[in-house]
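I have a structure here, written as structure tokens, and I will follow up with some questions on it.
Just so it is clear, A, B, C, D and E label the chains in written order, and each chain counts residues from 1 on its own.
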């Protein structure tokens, strides 16, 4: 069997259920692959791991991948299991936010570490400065939780539809107390959770073949997970080495993630790609990327895998 | 390859020079005593540069020192903002508060033998704890700006200083104390004229340990939430956006600031404890 | 016990409780010291000389018997600042200059600044250390440090001067010199002095009263009143009277000693 | 033993203070919760309440103070809550025969302990070798010492991701090795400093004595410098083992939250479960206590055997 | 310099370079020591006694003049393990028992295990410490420790025994006793002994040759050959010959001293 190492973007959770399902259900085995899944973490940059040869393929968000590409790390998207973006800004009504016009002067929690790019281009499209000026918003580098909105340190925090939003709900705030701004709805959505490899590896036919089998098995995993959310969540729990994830939370997450993967067969749609690029290029004074990327994606793998 | 061999050669030559200098008559002069470690540091940098270039290591993994230096010079404005946020606002204030509090508590509990015996083992124990772990809790309590960083620093430096000060206050020898007794000196007289001066070497021991802790504490705490500036912020986001050269520039700043801070405390120590046997020769 | 009695010990005992059982450092010691006496304590190591001095100065609490100093308890005498104590080691504070060390008791006892300066220079003169006021202890030889510590004990007005082997670390010539000076000082000030030594000639040369002690438990085996005149040139040490007292002390010592 | 009563007293007082602090710390979330549950709170609305001090809130809503002692996500949990959580993740796990399950803190402590021990081993070895080199070579001592100090001012957390990547590149898999390296990085320094002191602790006269015997360098190392350094050695081990634990936990925070106490703290933070953080913190404290006590016992036994006075 | 000359110093000088400028510890010292001599060095503190002993033992390098030991340089003599050196402080290693401390030089010099055991018990006997072999230094009194350190220097076959104020810290009675023993040992073994002391009677009682030194710079001011017989009971110290030599030493000392 061929060895493949997959680097995840974040800790073991239902966000990555498809891969764990493929592993657990033997889809990788059937494809004659020996897959190792490496969970991520707050200080794991999948791009860097890929560059360092610590992984063959990685789950990454497209803005980060494109930024890395401009930094001289030629990452290529070979598949896009997530069709839509799950990012949103969740705000408390009682802090006085009901539309995007209310942002000015408010403190907003944002994830950094390569996840800030969609936010920054959104703000620049809204004409709000993020560097502490009067007319702008106060940006808080949000940690790994939603505490800032709970104890009133921030008016809004970044949340994923499938994860942090539910933490806010679990903490006692109701949907009525909250206003959410989905990036999809704001027209600033960027592609999340794609599979990326290094360009130079793709010229190797053996590697290409491995990836074809990998993507195929992974998509099989995703589809199974979409259909069997509860079982998929249990599989994820099985693989969670921290032992801190809860069943309830993961099942719910799987349900939400399924909404995002629905509609993707794994192949990247060029229109989605262009929408992401446009959104990023519009990034105002300090854009994430400066020019239209070339060769940042390929259908070579999905074409073979999905047909 | 030439880079590798060149770096290796430089290293050998520098080491040979250092060996000669260290064993020469001049080795006690200040100039040579600073030159030798500086040259040693330089060889490390050259070796690093040679390794990175010779092996063609990607700059998103380990940038060469030359690139780091360039980034450093080009981003002094960012670096300065970060130093102000992390060091001046977070670390130094936390250090000052923590040190003063520890000092005051040490003097207070020292009056009671019961408290000393009860608190000292606990203090010793807490000083050995991985206190950085409380960073998320304190960020939650004190907010994301510098206050929570200072709070982490306060907690981190408090116990080492407390333990050292209490120990230092007990460090007078019996004869020195007996002398004060024969003068029928009061508690404050004894404290002021005997025990505090005698405790100073220990106090500074604690302060020196605390300097490095302060910086680490302030930086780690920024991982759990911060404004969009600060050394910890820049380091963590820098890795995410593959600005590894900027990350290293921040590391260099941290080393510079940390060494300067340590050096300052050490200098102060030299002036205050000039009389201590370990300082004389 | 006369009116002039400064120290009076009756059946004084002191037992230390140690891990290895009790140590009887002093056992039934009876001793009177008169005003102006120069009393030497001599005896083998561990016989309780230091302990007795410390009991007098209220640095140690007796476990039996009674002791009064100036008619009151040692504690009251200490609070009245009756003692100048010279320890076996100089025990100068290293962070203070020689002058600063001598000034220490003066500061504590609240002497005026002017008085302090005057006293410091006077006692420095007395122990031949004029000019060393600004030096730190570790810049001086052991003998000089010892003299500074004597100066420190002389700087304030204590009636009783207690000295625990103050000259132990000095060479014979310096010792002779300091012995002479000490006698002079004693004659001038009329202080009462308690003095511990290991040297027989020193004890005989200096004292009006020699207390010979023996160990385990610490007892006083002999108290010898010296018939020597107050005025004592160094070569008094070659006189037969001197040698006779020295002989008596040596015999007393040997009797209490484990060798022989 | 002499210290047992004072220590216990102080501990009881500390726990008491902790317990008392729960009320003001948790009053705001408690009131928010109560208000959402339909209770009438003065002043109304959590934003308005931010202007009011916790003491006033406690006074005006005294009937809701006790709710602060039973929150699911307390800002400050009560001692009992922490105790229960610890019991649930340790003792109860053992009783259920799931000692080594991923949900058991015993398992995570064991992961942390392993890295700590490896880091400790690596760090002490480096520290000792460095100290020997510094003692015996002037160049090494003059070049190395300042850099050893500077090395400690580098924020090791910043290096963690790069250590992982580089370790990956040289073919080391898993997080164990990077964690051990970070742990060793923090551990070696106190050992080095203390051992340099220890190896140089023989007085000149003691060294001169060996010189009159015409003893060789090795002989003077084994017969004088090394035994003379042992008290320093053990003291440094105590500091070193604590530093190694700090290193491991710091290493577990950012190096990919997989397992170990540091990872539990991180996950507890990410999922907003303060009790997970607190229980991991307490287990880390217990671990530190055990490690230091172990070294301390070793020290007593060895030094007594060697004839040093206790 | 005869055939029997063990140590021969010619115009020996040693200057220490210190922060406060050069210190002339020894200046133009000329001295011959014969085989079997017992040479005492006496002089005020800081006159260079220790320094001279250290130069002999190759622990210090002279900055001028010449010195030979056994006809070769001190260094060669040291490499040939010609010295037993007793330092002022006992300097026993606390992690070794008394026996272990005495065994130390034997281990280093590669004596056989059996030989080691035999020698250790012999020298322990010699210094009256039989039965203390298994004790640790801190379980012994200062005097006993000092004797153990002497035993350590006697355990191996060094021709030359150098002793730097070995009895400085002991009380007079113990000291007398050890003096007697030392004389006996010297008579039995025929070793050459260099001995530093501050005590005039001790120097006179022990020595065949008394070297009187004076400080700043360290010079030899007098070398007194003792006419006393080799056999010396303790009460020889009351004979006129003894007192006369003692007087001469005292005069020599006083001449070199800063007081007077």
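Basically, contacts are C-beta pairs under 8 Å (C-beta built on N, C-alpha and C of every residue); 3 or more make two chains touch, one makes a residue touch a chain.
Model, not experiment: these values are computed from the prediction.
> Going only through chains that touch each other, what is the minimum step count from subunit D to subunit E?
1
> Among the other chains, which touch subunit A and subunit C together?
The shared contacts of subunit A and subunit C, listed by label, come to B.
> Starting at subunit A, figure out the least number of steps needed to reach subunit D through touching chains.
1
> What chain lies farthest away from subunit E once each centre is taken as the mean of the Cα atoms?
A
> Which chain's mean C-alpha position is nearest the mean C-alpha position of the whole protein set?
Located nearest the centre of all protein C-alpha atoms is chain B.
> Cα centroid separation between subunit B and subunit E, in whole Å?
Chain centroid spacing, subunit B to subunit E, equals 50 Å.
> Would you mind pulling out the distance in Å between where the CA atoms of subunit C average out and where those of subunit D do?
Roughly 54 Å separates the two chain centres.
> Which whole number of Å gives the spacing of the CA centres of subunit A and subunit E?
84
> Between subunit A and subunit B, what's the gap in Å when you average each chain's C-alpha atoms?
38
> Please set out, as single numbers or ranges, the residues of subunit B touching at least two other chains.
61, 136, 140, 223-224, 236, 239, 244, in rising order.
> Can you pull out the residues of subunit A that are in contact with at least two other chains?
42-43, 45, 48, 51-52, 143-145, 147, 151
> Could you please write down every pair of chains that are in touch?
A-B, A-D, B-C, B-D, C-E, D-E
> Going by the contact rule at the top, pick out the subunit A residues touching subunit B in the complex.
Residues 42-43, 45, 47-48, 51-52, 64, 67-68, 71-73, 112-116, 130-132, 138-145, 147-148, 151, 153 of subunit A touch subunit B in their complex.
> Help me check something: in the complex, which residues belonging to subunit A touch subunit D?
Where subunit A meets subunit D, its residues are 11, 38-45, 48-49, 51-54, 94-95, 143-147, 150-152, 167, 170-172, 174, 240-245, 249.
> Where on subunit B is subunit C touching in the complex?
Within the complex, subunit B touches subunit C at residues 173, 175-176, 178-185, 189, 193-194, 197-198, 200, 273-277, 280.
> Under the touch definition given earlier, write down the residues of subunit E that touch subunit C in their complex.
43-46, 141-143, 170-174, 177, 198-200, 250, 253-254, 257, 259
> Enumerate the contact residues on subunit B facing subunit A in the complex.
For subunit B paired with subunit A, touching residues are 58-61, 136, 139-140, 143-144, 222-228, 233, 236-237, 239-244.
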